[in-house]
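Chain nomenclature is as follows: A, B, C, D, E, F, G and H, assigned in order of appearance, with residue numbering initiated at 1 for each chain independently.
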Amino acid sequence: MKKLLTIKPNTSLKNKTGSWRTHRPITNQEKCIGCSLCAKLCPEGCIEMININNKLKPQTDYDYCKGCGLCAHECPVKVIDMKEDY
Amino acid sequence: MKNTINKFLSPGHNACSGCGQLSAVQAVMRGLTSDTIIANATGCLEVTTTAYPQSSWGLPWIHSLFENASSVASGIKAALDKKGNKTTKVLVQAGDGGTYDIGLGLISGMWERGENILYICYDTESYSNTGIQASGSTPYGAATTTTPNGEKSIGSNQVKKDMLAIALAHGLKYVAQTAAGFPDDITNKVKKALTVSGPAYIQILSPCIPGWKINYNEAVMMGKLAVKTGLYPILEYINGSLISSSINNNFKPEPVSTYLKGQGRFKHLKDEEIKYIQNLANENIKKYSKV
Amino acid sequence: MEKMKIKKTKGEHILEGSRAIALTINNIDPDVISAYPITPQTHIVEDLAKFKAEGMVNYEYVRAESEFAAASIILGACATGARVYSATSSQGLLLMVEVLYNISGMRLPIVMTCANRSVSAPINIWNDHSDAMAVRDSGWLQFFAENHQEAIYQHLLAYKIAEKMDLPALVNVDGFILTHSYEPVSIPSKTNIKKYLPAYTPTPGTYLDPKNPVTMGGFSSSAEYFETRENILQDFNLSLEEIKKEYRNLKKVFNFKDNSNGLVEYSGAKKPKTILITMGSLAGTIKETMKEYKDVGLLKITTFRPFPAEEINKAIKNCSNIAVIEKAISPGSGGPLYNEVKAAIFQTGKINIKNYIVGLGGKDISQKNIQKIIKDSCNKGKQTTFI
Amino acid sequence: MEQIRIHGRGGQGVVTAAELIAIAAFNEGKYAQAFPNFGVERTGAPIQSYARISNEPIITREQIYHPTVLIIQDATLLETTEIIKGTDKNTIFIINAPENYKLRIKLPSKKVFFCAATEIALEIFGKNIVNTIILGAFAKHSGLVNLEALKTAIKEKFQDKGAIIIEKNIIAIEKAYND
Amino acid sequence: MEKMKIKKTKGEHILEGSRAIALTINNIDPDVISAYPITPQTHIVEDLAKFKAEGMVNYEYVRAESEFAAASIILGACATGARVYSATSSQGLLLMVEVLYNISGMRLPIVMTCANRSVSAPINIWNDHSDAMAVRDSGWLQFFAENHQEAIYQHLLAYKIAEKMDLPALVNVDGFILTHSYEPVSIPSKTNIKKYLPAYTPTPGTYLDPKNPVTMGGFSSSAEYFETRENILQDFNLSLEEIKKEYRNLKKVFNFKDNSNGLVEYSGAKKPKTILITMGSLAGTIKETMKEYKDVGLLKITTFRPFPAEEINKAIKNCSNIAVIEKAISPGSGGPLYNEVKAAIFQTGKINIKNYIVGLGGKDISQKNIQKIIKDSCNKGKQTTFI
Amino acid sequence: MKNTINKFLSPGHNACSGCGQLSAVQAVMRGLTSDTIIANATGCLEVTTTAYPQSSWGLPWIHSLFENASSVASGIKAALDKKGNKTTKVLVQAGDGGTYDIGLGLISGMWERGENILYICYDTESYSNTGIQASGSTPYGAATTTTPNGEKSIGSNQVKKDMLAIALAHGLKYVAQTAAGFPDDITNKVKKALTVSGPAYIQILSPCIPGWKINYNEAVMMGKLAVKTGLYPILEYINGSLISSSINNNFKPEPVSTYLKGQGRFKHLKDEEIKYIQNLANENIKKYSKV
Amino acid sequence: MKKLLTIKPNTSLKNKTGSWRTHRPITNQEKCIGCSLCAKLCPEGCIEMININNKLKPQTDYDYCKGCGLCAHECPVKVIDMKEDY
Amino acid sequence: MEQIRIHGRGGQGVVTAAELIAIAAFNEGKYAQAFPNFGVERTGAPIQSYARISNEPIITREQIYHPTVLIIQDATLLETTEIIKGTDKNTIFIINAPENYKLRIKLPSKKVFFCAATEIALEIFGKNIVNTIILGAFAKHSGLVNLEALKTAIKEKFQDKGAIIIEKNIIAIEKAYND
């Protein structure tokens, strides 16, 4: 009988693309103004804005972050640093 | 905004690090509700998000072929209609190749039927998935693997097809153009398009790392520059009228050379060709100014 | 009274084949229909459009701008859990090819009618089986009908097997010869059809549904692909038994009898010296011709995919000559049916088996032609003859 | 088995005529079959169609090579012998032409019947649509279907075309039958 | 010196397969090239575009917006008397199907490369022969190459036979395995190719020319159509001899030797107990594996259309087991090559012939797999095995 | 004018008596020289003029398939280019079905390549060849065999696709519309289009006897009426600008009802629909007036 | 060897479509003003304008004329008559 | 026959490395073969490629299951044993990592050579492009191709990329070879 051909939703979460990374974005939470831009632009969708002390701050999920540096490049206040990571 | 990690498109996909298309897709997803079905054409987006048995999608999603996503969407719509389902939205996602070239005939058929389907074209200006061959969207002067520059070639010698004009010629009620790097604009346009009854078309410039020969962190910058030079203005047409444009009162164009010189695909261009492209931008600025 | 009795046995209406098919499709109660016109399929889809215009039917009728679109539309609808229908022919079928392979690979139980016609070049609109043969490797079940009544039952069978096995099915009816001819026929009622073929209810998680958001048509690795193909071949093999079973069931529900088991139908001599093998409407002309022969039998292949190798082996066991009479060629190989039959009965060893190519491009096949074939089939000599 | 071959021109309802014969015969309780032999020609070009009537199921699909009845809807077609191929001394010929029409070729049989269908058509329809009319003559001279069955067939087949057309056709067919 | 000698025998360059093909195509001097990109054909057409961009070639390179268009473009150019070329794969080949049948029916001597790949669904980009098999009835000559060098020679042969017989030809090269691999190879020079394959000069009155204004592709009656099809089947049969002749000729002009006669190539045991039959690059892996076996032979089918029935019969005459190892299936029928071989050797009668389906969707075929097949092929039992 | 009997299209073809399309083709042929190659799509024109072994054509002429005449023409052009032939003209002929629907994708590709090819669409407003099914060109309200009128149907409920706008969206240098019944206009437009370098498009309304359900002698009258009502104005665009239009100073529109009531395909229409169609004409009159 | 598939030009002249005709156009040459319209419009292309006494007059080739009546309908001076002809 | 398997990530030139080995070997008069094992993954995802070198014609096409040499372009890949499948005590390992790199898995052979290719790459190219560099180490430790042949191969293969790129690569490869 037919092999199941459909794929369950969101199963790519198993694919930890963090291993692709050669550089790691490090966010200076202090200086971050919480604009969310990094979170909105990240191609991986792996930055979540979370509430820290009543302020929205980005939290990067390194399991998936490929280290492209887009967030760092676009951060309006340049508070994300790309560090070598391999 | 808690929902930046979008359950409609999970991480773990295989797109290039820094992919402009995937950045745009994230913004599109934020414009949708869970009551949506997606038909996706073959291309980078499909290939990198659905490596069996893993999928990044959190919405019902189907890929059939490269050229037929629009007809598949018509079928989905018909099935929903038959069920009396009036709420579920149907979305098509395709690349520029699937839109400007191989899929155009089927898109025209879909538009002609007037179905309530939103079509989104992620415009990487080439066939990214198969290794950056020229598409109908490839701009003048761009080097691709089928329009390489060389002794007898300046890269692509065709100008970019005007898909917006073609969409407008089909009488679409909602037609818009935007670019990766403008996430809120993308999200808002998607939301707006979904309120229109009848077919809608949104085209999003999606800088491609290997295609444009740019650095991993430059996709968004390039999207913005394309808009700022006037080469790829942000546009919105409702019922055939241009109701908003990035070429407005405050528009101060950057020279196209800034844009071209930042990209490997244009780096062979000589002054003459750059001038020609500057001219294309100037014409756009004339044509799309909304003051 | 007498009159009514005769009518009963020979069908309740006299109809054009296309109309008979259209009425049956309507009674099967599909959700979505999409098609693109091409001679000689046109009357079927025109009738379906007409029923719709008259407001007496429930299906959505989607106008397509090409066969490629039509096939893709029903693909999308079927993937959304709908029962769907389309019809095409010749160039239309060829234009659909990429979608057809896709549909079978996605295991969508789509049923389509093919009004068989030659393929271009040269362009010609009349009947042969070139179109159906062109998609013999596409992973679609294929049935061939001899007459209107069989065409109707095959459509029911096609939906039944398709939905049971998750395989698409093509019902072949000879263009013009069946689609444009009038003959007596019974149209199964909606109520009876419901008994045989209940509403289509795909398993949740196998179709597009916002409440159960699965991904369909994902990219597959080598290992996955390999498995999927093995699986489809297996399911085609399993469907052989299913067809026989469901054909028996069909006879029960619709209360009819014939010599067919759904896969093949044998008629003629009990101990035939020669067996003719063919598909489709030509079987009628052959049966008429055979009435004058004592030692000739006809094996009509009604299911071409899956290919009923075992049934053929059984049927030809004790005969000395086989004549495969077919309406298609594979240039550089010969008659496709001929070769498939030979492959199927390979273990039988030496038997005199010959190939007659007839009716290409609608060339009429007369009873005289059949007589000639019967006569020639006992001789050794040229393997393939065009008549 | 009775075999009827009809010759005419595209647009003259040649195919419909064969279908009407089959429907009528079926309505009388017989087995029947009708099918066309289309060309790609448009209105005006010569075409033919076939009908069979039998008390047994009809299973053959070959074209009609030896017609019992040959109907010629347009006498101008009777210029070459191609058209009468397969006919013999028993064949019944029904020809749309005035009684005194001069045939240009020799027919093998004596059973030749003329019907001035065009005249009737122009009179009743104002157009040269002769297919139903000539069936009146067919019914009369061949006896293969009766007039009532033909009329029912017309009612069935022309259902969509409305009452006026049906009525006119019935008047016309009766006229031809009683002529 | 020693070094140069070795190089000579093993080819003058080490190149990617796609590059080797592109260089050869350029030397064949086509007039018009049109193609649409698809993995794994891309490198071939990218190279051809590159040569053009560098201004060192004479052909027109027409960018197409789909494979349907690409095939139609070369159709139009060829009908205007041009020598043309295209390349495609998988979905691209399927999308072209209607045009492919049209081209062969119009008897246009078009040559195309197919970088063989699986067909969707599910989508998968790697090598198998599903695409080529899908067009086995389309009226195209089909060659299958084992390695770069053979691919190159087959392109020359393909043009030669195509232009001689007015038949289109598909040269199959295994996707990735040949198109993306590097190995030593000799590229025939323009001058040498001219000797074997002079400029294409179709007969006046058979192509589009304002000075001789003929009509092409007219509408055909049944009788005409029938004749045309008989004619094409005959010409395919005739091309069997032509291929052998022109392959001999090819060896002469390009001064090489091999075991092939253009149709098939036998290697291995002189008196084999078991013969393996396969097509394409897999032959290499089999040959390597066979080195350890004394009683096994390999019959490599290099020409699949026309199907070399006679050659196969000759080759298998005295063996007891045959294993057909192939990279495609026809759901509901089995391995297409398997069935065609069985049909071809039907008169041989009982022989143990088995079918091994391998490599679908690019699944790697290891020498271990081949050993297993060799071992299994002597056993009775299951006819078709997926390995 | 001695050459009315045109050796480029001989009599003896099998088109319907009184066919509007064939009338138009005669006028097109008078605009050509013998140095022309024609690629023709499947349809009435092809079927009725090339019944093997007889052909009506006196020019080199090819038919391949229904949908690919434009690509075939591109191939012809490439072969001529390769030969260095700069004089021979390449012409495509197709029906509205081959143009608006199944062939559209391939036409777009041809136009994108910018080749010097003249495309002529004979617009019968349906698939005439296969028995009058609806095409993308079928006007609102027309009954066809796939859009029959009935209890739940007013005939076609889609409006005619705007092919001219689509052609213009492709940046064509010459785009024109005319109708059977204006033979000199047709001939002149063909001649003019052939002088333009780059792709050109001419669309000719071609009344169809069985399709429109009109009498044998009415094709020309209907072509003229379509123009006179404003439903099908004669138009000519050069470089995207409307340079001539039948809706000019002297234009006095006839009511559409005259046109509709003369045709069987429209005879079921009620006042309401006729009004809607009158509105379409009025919109045309506004849009295309060239005063 | 390949059967010739091309068709010679203008060979449809063998197909005398005049036999399709049920009505025959009769032109009153006297009253004709020689405007050529009939010739330009005829779908068959079977009207030739010929020089009669230095005036262009239409000449219908009845071998091909199908009798559609278009010429008669469009003649600006209505000098073509359609006569029954079968 | 020598069999080389290369592991790395998309964008690191894994395929090119195998090709360069084959070209170099060929230029030394040997038979050679190279081929990729592509996935659909983009830049960054793990991929592998293969090369074979022999004095006899190479006809097999199977993937390399038992490599003579295993090249690891990216040490982060050395996390699972999947990657060293088919290696044994004779396998030569060439790993891009600094000399003092701590392996997380056990290798079956003693012939393990490290090459700080990333360091060299960042120094010379300013980018982490290690494929050519690590071939220097490959040439040195395996002895399967000589340095000169590799340099010629780079010149051939990178012809289109211009003199500067070729030169940098040659400098880099020499550095790795002489390290």
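Rule of thumb we're sticking to: a contact is a pair of C-beta atoms (placed from the backbone, for glycine too) under 8 Å apart; a residue touches a chain by one contact, two chains touch by 3 or more.
Here the structure is a predicted model, which is why all the values come from computation and not from measurement.
Least step count on the touch graph, subunit C to subunit D: 1.
Note on connectivity: the fewest chain-to-chain touch steps from subunit D to subunit E number 2. Each chain gets a centre from the mean of its Cα atoms; the one farthest from the centre of subunit F is H. Here the two chains linked by the largest count of contacting C-beta pairs are C-E.
We define each chain's centre as the mean of its Cα atoms; on that basis subunit C and subunit E are separated by 32 Å. Per-chain Cα centroids separate subunit B from subunit E by 39 Å.
Centre-to-centre spacing of subunit G and subunit H amounts to 81 Å, using the average Cα coordinate of each chain. Counting partner chains per residue, subunit A shows two or more touched chains at residues 5, 7-9, 17, 20-21, 66.
Across the assembly, subunit E contributes residues 63, 65-66, 91, 95, 98, 102, 106, 120-123, 213-221, 224, 228, 364 that each touch 2 or more other chains. Looking at subunit B, one finds that residues 14-15, 17, 19, 46-47, 50-53, 55, 57-59, 63-65, 67, 101-102, 104-106, 108-109, 112-113, 136, 158, 216 touch two or more other chains. Shown are all chain pairs that touch, namely A-B, A-C, A-H, B-C, B-E, B-F, B-H, C-D, C-E, C-F, D-F, D-G, E-F, E-G, E-H, F-G.
Here subunit G touches subunit E in the complex through residues 1-9, going by the rule given at the top. Interface of subunit C with subunit B (complex): residues 31-32, 34, 58-60, 62-66, 68-70, 72-82, 84, 98-99, 102, 106, 208-210, 212-221, 224. The touching residues of subunit D, when paired with subunit C in their complex, are 15, 18-19, 22-23, 26-36, 38, 40, 57-63, 65. Within the complex formed with subunit B, the subunit F residues making contact are 101-106, 108-109, 112-114, 136, 158-159, 161-162, 165-166, 168-171. For subunit E in complex with subunit B, the touching residues are 36-39, 42, 45-46, 49-50, 52-56, 63, 65-66, 91, 95, 120-123.
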